[in-house]
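Each of the two complexes below includes chain A, the first together with chain B, the second together with chain C.
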Partner chain A sequence: MNPSDSSNDPTEISTQQHRHSLDPHVGRYAARTKGMTASEVRALFAVASRPEVVSLAGGMPNLAALPIDSLSEQVASLVSNDGLVALQYGSAQGVPELREQICDVMALEGIQAHPDDVVVTVGSQMGLDMVTRVFCDPGDVVLAEGPSYVGALSSFSAYQANVVHVAMDDDGLQPAALREAIETAHRHGQRVKFLYTIPNFHNPAGVTLAVSRRAEVLEICAEHGIMVLEDNPYGLLGFNGQTYPSLRTQDPNNVVYLGSFSKTFASGLRVGWVLAPHAVREKLVLAAESATLCPPTFNQMLVSRYLATHDWQGQIKKFRENYRERRDAMLSALEQYMPAGCSWTKPDGGFYVWLTAPEGVDTKAMLPRAVTARVAYASGTGFYADQLGSRQMRLSYCYPTPERIQEGVRRLSGVLTDELELYNTFGPAAQRTISGPQAPSPDTA
Partner chain B sequence: MNPSDSSNDPTEISTQQHRHSLDPHVGRYAARTKGMTASEVRALFAVASRPEVVSLAGGMPNLAALPIDSLSEQVASLVSNDGLVALQYGSAQGVPELREQICDVMALEGIQAHPDDVVVTVGSQMGLDMVTRVFCDPGDVVLAEGPSYVGALSSFSAYQANVVHVAMDDDGLQPAALREAIETAHRHGQRVKFLYTIPNFHNPAGVTLAVSRRAEVLEICAEHGIMVLEDNPYGLLGFNGQTYPSLRTQDPNNVVYLGSFSKTFASGLRVGWVLAPHAVREKLVLAAESATLCPPTFNQMLVSRYLATHDWQGQIKKFRENYRERRDAMLSALEQYMPAGCSWTKPDGGFYVWLTAPEGVDTKAMLPRAVTARVAYASGTGFYADQLGSRQMRLSYCYPTPERIQEGVRRLSGVLTDELELYNTFGPAAQRTISGPQAPSPDTA
Partner chain C sequence: MLHVDGLRSFSLSDRVVAVLSGGLSHERDVSLRSGRRLSAALRDQGLTVEEWDTDSELLTRLRDQRPDAVVVALHGGEGENGSVQTVLEMLGIPFVGSTSQSCRRAFDKPTAKAELARAGLSTPDWVVLPHGTFRELGAQYVLDAMTDRLGLPMMLKPDQGGSALGAQVVRSAGQLPAAMVNCLAYGETVLAEQFVSGVEVAVTVVDGANGPEALPAVEIVPESGVYDYTARYTAGLTDFYAPARLTEDSAKAVGELAVQAHRLLGLRDISRTDAVISSDGTVNFLEVNLSPGLTETSSLPMAVEAAGRSLGEVFSELIERSVNRG
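Up next is the complex of A and B:
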């Protein structure tokens, strides 16, 4: 799946030639496009995807537990019985039956919603993009946890919004830091459009917003006239089957909620949704229509049938048991192998551990050496809009087997130990050559 | 598929209530969002979709000729054999095998391209949106035929580009008008980013850019440093099996090309593509990643299997014979029924006839009466950014049966005749109440 996979063919001279020529369009791009540069680290991901490398870098859900045989029958019957509808255009808002079922899914986290306020999107990434399209002018401020989801940062950047990070701790977003960030922005005359937050099993931080903080976060935003964008792809993947009260339940008129079937069913179908107050929903539908006309009808009807005919809650239970086993493997390997001075979060759901290395480690500069040692991770700077995160890394336990996770952590600890020895002997490492503003590929690598 | 279908339920008091309340977010929207208002005409489309109304309004392809049984087997085998790949995230650029096959499809129109320069998108609407995202700052000018595709106008509007229309005749875009439009814009200090053109079987105009004009159009653009965005969803639907030389073949470095499987296979899968010069392609991949992460893997693999295992060219031949029969039915009904003073284009491919009514007819104001007479069309103003087109309408022959098309045209001629009689007796009609900036739903109604 490397985008450049075919360009190394030496017979493709013409392609190679214009790759090296000056881009004749360079003066024509929009201002927003200046920030879009391919990351060198991304090239490393191609190497990292080789089978001998244990990748703790990506965010691919582990689909092995899916009921493939019955899905195969289901999809065949969808085409046979409803093919002419499933293969045809639909409405920009999405298939009505699916929007009803989405309300049932959200009810598991206490959300009472009407299908009319749900907009189906091409994954919740498109939801993020549409909300930003509807709300953000260039220069507007978006508040986001620091660190935050890399795909969200790239959508905000596409609309030239300025991200201001808000500090987190083991209980998630810190309300005092939120208040301060808003007040500082307002003092500087900046327009703060919304707080983007992943309250449950945060990507990449692996922490959850304490229930005791939720009302306060909502109050601070409401008080300052700031909308809340709640992104909740992992909410049903709490390892004890626990769920947390959605922010949407507590302030329905000031929260726009993003949901997704990528982690609870199948990411390759790209079916997510936005639940929004009615007036915002109308804008989102028009924005979505200009973006893709309509989400794929086929995919929506397939998800709808899956929800109607499978024990989807039982399936989610299987997924979360699977992820819990992997989380356990990662945490016990970290305990066993990591050198002194490393610390990490202990997620009780979701896909990720956020690790902080001792002073002297630059995780971006270290990544090539880690890949040489056959382990990959996502370095921390990619999850900040402001170049913080150089001592941090995101470790994903979602995809590899527990044995591979353990081996990956063992290799990583060797790399870190060597790095620290060098630092302690020779002082700070010289600046390394790897750089790039958006280190990891968002969750698809 | 009416987005509001569930809101008429009188038990849904809370939804009804906040529908009528002041939008608390109204001060928070981006400047681009101001232009997004729901059209009253769109509400009419809900009525127009009732079975007793002959809809000549939408652009839904007629899928009845699809080989449903073998597609059903194919999709079952895709899930059984490759489900864990098909249901998983893929690359933002798209599945490599499909990108190779897309090059084979484009070769039918003389295009020589490398799969590395193809980006798969969620329908070519997303391609349009991504190209606009990469090139257009607010206030930039996009040139487009007048009339132009309503979905393109709505993407340009989302990025706050200004559309300048270029006149057409039966041979398509007029080169002299193009030159004049560019020079006028430049004289006013405007930045013209690209010419958006549908050279073949134009939507909505139903005309084709004469082969003799193509080099000149490209030369004018190249000379003035303007990129060409060639949108070609209908190119393989020429009724005599004819194809026209793609603009892309004649100036590969200055043309970005949009293709789609919506009209040659299945619109509900939302699989389209962009072919772009290499440097532009890199920007498009990054833009697409911020918009949807990746197009649905499942849909791409399904299209790829379809192309690999079916006689897809034979299938396209079936589609175009089907559309030719419908085009014939529409043209002969127009000849038979239309009142004097009406004129219309005679398409040799694609989905649409563009009809001009005599003076005194306002097609937008007349639409409610047409729907009452059980026929619907798309009024002309929706296809212009500047409110022209009030005497025009788009008539689609793609979806209804030939008998229904004939009956629809008969009804429409009755409405037009009545309208002209009123005008001739009483003078111009008073301003009607129906209004809305984006009259028809783009091709999905």
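Up next is the complex of A and C:
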């Protein structure tokens, strides 16, 4: 056989090997894309989307209670009456009327704000991104509760900030741990830019920062010249209608506040906002211009009309009742089914329970077994920037029906029982080796 | 009109084909991507293609719509263990791929290895152990015996399934218990294999007029050294060479190995054999895939391209073969 022959015989050997790198840009990517790879966990979540699987993993708001018919009329009316404005570019800071209404929404939690200090964003995720972009250089430290919101960790990572976690307990962030984290960072010559915190009905921990701690947290940050980024998407979803004093109210000059309509109206519209001190707001508007030119005018006007014409507070009450029913179902199922050694938080608002599994269980390694048993959860390590959280998992009760939640927890208990047996079989050596202390996390055991 | 291997001529546009993808296995995501790519390739050939997931409505759809043929692009689980094939056989709907009986035999990695080893093919030494054995006999004793038998490094993988899910190279005895737990998350039984280093290749076999033929081997060079899930499905993390950078003898040997595996396991239409050529030139069978991946990062489409053919052309011919055999 002549290797240089061009032949159609597929078994013939050719020396004309063709190299497929599959990505000609591979050498050109920025260093920050290093973690952007395919992952087994992501693949498993494709199965979780099937109806056979009870997904306690995602954080999708339950929109079933929305007045769809009336919203549909509102959309039609917006197009026919104000279409030429709604479909046009708008201001980078957001539609003025909506910014005024946002101030009314924040007033429910005691925040007094001026519309000029509000910047409308494409969901509060964009607010997180902009604040990080404006404040963080590579290597700067961001303090965040341990665990913390995974979307925030992604933003911090994208700007190459180093996340230092601060321990929590059932009353939220521990002031002593915050002070220690700041002092340790300073001793190492690190620049701490801000504390990122979700004080109310925390994602993923399900706990709330005790009112008695709030002033101390603010004082510690002010004392060390550290800004506070307060993320409050769930603040109006307290199951008893309770609200907590916002950090922003107590220190308006040192707190940047993130709000969102994703949990109180419609997540698909992607409308959130940042409330910031004047100088910061100026920079955020410029950052927003370069990112998106302006948030979607149509969506802003739709939210604005909804707020003007619907009983939006009554709607939030309906959401709260739905979520409370689901929270009750989850807590009762956990009580009924979970094996000994498990503990979990008991949220009084929001979407999530944070569960700590018995010693030895690695919830990330266990996920394929759970998916086989047709239940899914979010493993704890995703909520830490430093691989802690291997014993923990986030359970969402916001979306499935109470009956499905019960069934999901029942399945999960079986998975945990089997996993414990596996660890008993293979002994302590089967545990993943994790350097550093055990994950600091709220634990009601 | 297309002519295949002397079979009757047909018009591709007459054919309605159902591509099954998705499913409930751990490889659902990969399967959906395979299904999308294959469907597009078949549409380019002029076929009418329906993309169906395997849910509770599948049987009704198959019965009511009775496509001319089905292509099973499901990976792992019911798509490769013979379950879906049994349903298609019961309904009498032609399908591309191996029969249910062959699937059951070949999908189980230890069964396939044993059969091929009996026929004289070289495959790394292995042991198969269910979780219960470790529990009942004491894990450390069994792990020690495994290490004595296979040495280190050692390859651990679930006895069924693909995409390297749960597969790991274990380089020290200390890593073994945690690796076992990770592997057993994907199934109740572990296949532990002697690790053979060398040139890793994937060889696609396609049935043609003259029987099964091997397409050019595709050489796989993962940047990290391990062809795991991330290396498989992140474009740029693995380099592929098609044809593989092999001597003529080695290239011929891997092709023959893949064809032998296809024949000995009674496979039909298409299969992909993964093999490694060790430094002494031995071609070692690793495993066979009954429904190989067809994604943008999968080796089968590269092999097809290296053979000067297109994915749509190869599969439309296989579809026609399936229709003709009824």
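Please note the rule applied: the second predicted complex is superposed on the first by the 402 of 445 C-alpha atoms of A that agree within 3 Å, B and C clash if a C-alpha of one lies under 4 Å from a C-alpha of the other, contacts with A are read in each partner's own complex, and residues count from 1 in each chain.
The working rule: a residue touches a chain if its C-beta (ideal position, glycine included) is under 8 Å from a C-beta of that chain, and two chains touch if they have at least 3 such contacts.
Since we're looking at a predicted model, the values are computed, not measured.
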Does the superposition put A:P296 against chain B (first), chain C (second), both, or neither?
first
Figure out whether A:D23 sits in contact with chain B (first) or chain C (second), or with both, or with neither.
both
Touch check for A:R50: first (chain B), second (chain C), both, or neither?
second
According to the stated criteria, A:G427 is in contact with first (chain B), second (chain C), both, or neither; which is it?
second
Hey, is it chain B or chain C that touches more of chain A?
B
Contacts for A:A340 in the overlay, against chain B (first) and chain C (second): which applies, first, second, both or neither?
neither
Is there a shared patch on chain A that both chain B and chain C touch, and which residues make it up?
1, 3, 14, 18-19, 23, 25-26, 37-38
Which residues of chain B touch chain A in the complex?
1-7, 12, 14-15, 18-19, 23-26, 28-33, 36-38, 60-61, 63-64, 66, 68-69, 71-73, 75-80, 83-93, 95-96, 114-117, 122-123, 125-126, 129, 133-137, 140, 151, 154-155, 157-159, 193, 225, 227, 253-254, 262, 266-270, 277-280, 282-283, 285-287, 289-299, 441-444
So in the complex, the part of chain A that touches chain C is made up of which residues?
1, 3, 8, 10-11, 13-14, 16-23, 25-26, 37-40, 42-44, 46-47, 50-53, 362, 365-369, 371-372, 421-427, 429-433
Show which residues of chain C lie in contact with chain A when the two form their complex.
22, 24-30, 32, 55, 131, 134-135, 139-140, 163, 165-166, 174, 176-178, 180-182, 184-186, 206, 213-216, 219, 229-230, 232-246, 248, 251-252, 255, 296-297, 302, 306-309
